[in-house]
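Take this structure first; my questions come after.
Chains here go by letter, A, B, C and D, matching the order in which they are written, and residues are numbered from 1 within each.
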């Protein structure tokens, strides 16, 4: 069986796991006050070129979105997001459960534009009854988006400026951030991400860790008592070392980017392969997810030898499926897939 | 330096870590639908003698309390707990954040009694205005309690019966359950715990795992859509294997109990040591936590060679400190402590 | 000045006010346990032909929507509503503040269809990942809708059946219910409303009362402890008589319907007047709200003599405005308006 | 039958009702933007000697407590209150439902002290683990308290200073404020109340109105977007005039204080009567509530001719009952009671 189902089907990158083993018997304090967390934070601050950043390690993506949003908003505020944003559709109401409305705006392939954001905010505040409605309190985007697409530096800067014009913080969901940073066409580096938003997270779970997301408030701008907010949302680990050690490993010797580049290289090969064989792409993405339209019978046959994931129905006879690569993708599997196709 | 600070200062028990390494490259599905989770659940069902149990793996204790309580209660209900219960005092308002009041009742050394519970419920329902107040919706106890004390089988059965008399489910916080089960004097086995409550969790974080708590609804009585509740509360791991592998290891070859017994043996030696040296016990506990009253100057000197944790001030000149043992406690450290004392 | 701004610009219908004065000095118990509330409930049960109905008097519309929805849903559930539904857009996030997502579906002039509802639910449950998403827990519609449009009996029955097919209760927001029941074309009576849903409310604030909405659970099917839910949501009046007396008056001698018919008669005259004068209707509504497109300069001039309300911009040079009638509309004002137009 | 059951058993003071009738047909805008609300606010600002005060009219007491507290707190904060505070015990979990813990401190006859508050806060912040706990975010007291007792000016100033020392706003629940201000022994005027707190409300429901509480932020210090918070909590009336007209009447010609003084005079007579007849007072209160211990058989007999309210059991043979006076208390009833006693 060949494996392209997702980027979270294996455990941790071997180097991450090795560090967990090497440090296992060291005695450290709990709740993130340990030297591994400190070291990881120092390395992340350097990689982001944000010497004053506040950094918190949380466990998973939905939890991180929920906790950061709860930390940034007042109860009378909502979070502006693409109608396809992960928080809008796929998080079991975690945002609403913490009391906040997701305020959807239009998107194209998962991306919003500064113009649409400005139009939304202008219209909102022009309404005489706007104080009868949820106040926009922040803007959420994901990079890469849920469709694997990327913002350019100019697009991101424009969105940030549009949010700032209304004093709204911009938060970037970076569950797959590495794959965005390693993508061929991108003009956005990690420091530029940090510069063009008010909070973001560096996804670990889908980029080589067993679990873990590193939340960065780039200019020391964490909400007051954010530690308590983290605990209140059930996101604080007693053994905070589990996250510190992993992020310390990921940010040692450029591992986070090496992992990401490997996945991107594999994705490029896959993409070339599908193109060469004449397959239909559902959309064109530069990151580690590839969306292909398969005829249903063909999908069934292929599924006997290859694991991929169902995305959505295309029409009565075709289905969109997703192939994903990761640090764990075996290049031999790509060659084997070439045989099968 | 000698280490008795807490039971979460090291990583995972070596056998648990080894299993994470051995299984690391296996390809499995996400979100807990993997074979490791299935295997761990089967072993836990067997250990609990609850063939129909619903089992969910969550990440940490506060998160688990929050999620289970949110799953069991209606919005107009609160959770009855000892005024010293972990949810009442030490969870940053996680329960209230999910909308529920903690309804405190009296306790002695962390334990409530069936009589006090019945008195509380009788008085509540006797009040003509009781529908103006938060309705009791469940009962929470911890075993061992926050003071390291234990319920007897009769006490637990009586509390369960008192709760059932008012149709309230009984939930047991078992963050340190292993140390309770391995305690010398206890007459409560894991199956008896399961039989005498409606939900409980088997703590992993403090008993050999990197993280993880196994929630058991012993008679297949999980609240409807509890999976969605877990996700909504940010408690669902993409790589659910991390929890499945660990609990599978903990419930293989009796490891969970072997770990617990080691900690209890060490605690007994420590207790004997303190008694022999004439130290004052703050309270008498049969589990892995020992509470000692130290004169403040003595505490300072001892702290230079030994790590323990501050518990609470005793009086102007004395302080209560806690020594904790765990799977990781080195018996040589106990001997070294004997020298120092 | 002529007044067509809204249906809540005057106080109470004189008969309602008179009853408040007549009963003012009677001594009664608080919190709704008084004889006026009992009498009002009996009359509403009879008017609805629902002898077993549970009835609660709340104060305002947003409060009622919030409280009923909080009472009907589990925390992991959301409420399906038209994307233009009052709860979706105009209630300051009251629903989300109580922890629930509004799940929007398409609409035409404020109305949803049974087919769209079924399609939404079918698609939802067909998704393998549906347990990662907010579970639909109930359906909300308004009648009349926010656009003043009405459901037919067949349409309502079909929506109810579609909801029941998935065990979802149907809740009707009747903030302006009287104007729907009194509309010329409608084939829905109050008993038929009651028969074709699981909860609804009879709006008082906009139909002759100073405040007040009567929530009806037609088959004695109020959620358990709904009284406590009402109090918890800040919706319980100490002087419950204020609501009881008003609804008792509204349901004596057919006053509620007489008020409603007067408003509808006035609206018909207004509509005829605008048609005769060649004005453009933004949409065609059978109830007490009329939406007219005005050229902006014309709007300004008209506004000097007539009060109406701004609805939304139409294009750069035109605006949609709303004229509303009520029990308080003076027929002389309509004649005076004819002069002006 | 004689009526001393509570201060909310009749409708509105005749003058308040008269103003509702006189103004009934005036056309005004909704949602509190009307001239009656403006006039009432101006009069309250003058009565409080707070020219810059922000004032909001809400409907009932629990709703007001819930909304003000939700407006003042961040989600990670709780509200410090006497363990007998109305919000702690009698509001059906309205505070917890909005996500906040009530942090109880000791009290005597419903009153807290500045020293106990300071001790609580000092201890809290001295705890190294205080960021694992709910952060105190404000202080709540009631005046008169739930037991009808009163703070002195010095006591209130000291509590305010103790709160300010930790940057915590002080909020006074004034559901029965009038009866406190009119009490014989008090040295606190309305301007002094306003000066010695950060938010308070002037209770209308129990002092002559049909409903309504006026929230005052004395130094223009309302939380941002408090209007939206009011709406989100279901506390905004479409016909805001209902509240504006009533408070305008209550603050015209000193009516609010005249009402309050009448109730206090009646209470004094009652108190003298009970003392003369040798009845046992449960506690000594200077306001409009009198707590008497009755032998149970005596209570039953008296209840056949007089309405009073059950407070709590005293012992197996005695019960504490409450007699309350109000604007509506008839002095003839007191004389009739003298006959009966």
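Quick note on the criterion: a residue touches a chain if its C-beta (ideal position, glycine included) is under 8 Å from a C-beta of that chain, and two chains touch if they have at least 3 such contacts.
Note that this is a predicted model, so its numbers are computed, not measured.
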item: Distance in touch steps, counted as few as possible, from chain A out to chain C; value: 1
item: Far-end chain from chain C, centres as C-alpha averages; value: B
item: For chain B paired with chain C, centre-to-centre distance based on mean C-alpha positions, whole Å; value: 50
item: Distance from the mean Cα position of chain B to that of chain A, given in whole angstrom; value: 33
item: Computed distance of Cα centres, chain D from chain B, in Å; value: 42
item: Contacts with 2+ other chains: residues of chain A; value: 75-76, 91-93, 97-99, 131-134, 228, 231-232
item: Chain C - residues contacting chain D, complex; value: 1, 3, 5-6, 8-12, 14, 17, 20-21, 23-30, 59-64, 66-67, 91-94, 97-98, 205-206, 210-211, 228-229, 231-239, 241-242, 307, 328
item: Residues of chain B touching chain D in the complex; value: 75-76, 78, 89-93, 96-97, 99-102, 128-129, 131-134, 310
item: Residue ranges of chain A touching chain D (in the complex, touch as defined); value: 31, 70, 74-76, 98-99, 131-135, 224-225, 227-229, 231-232
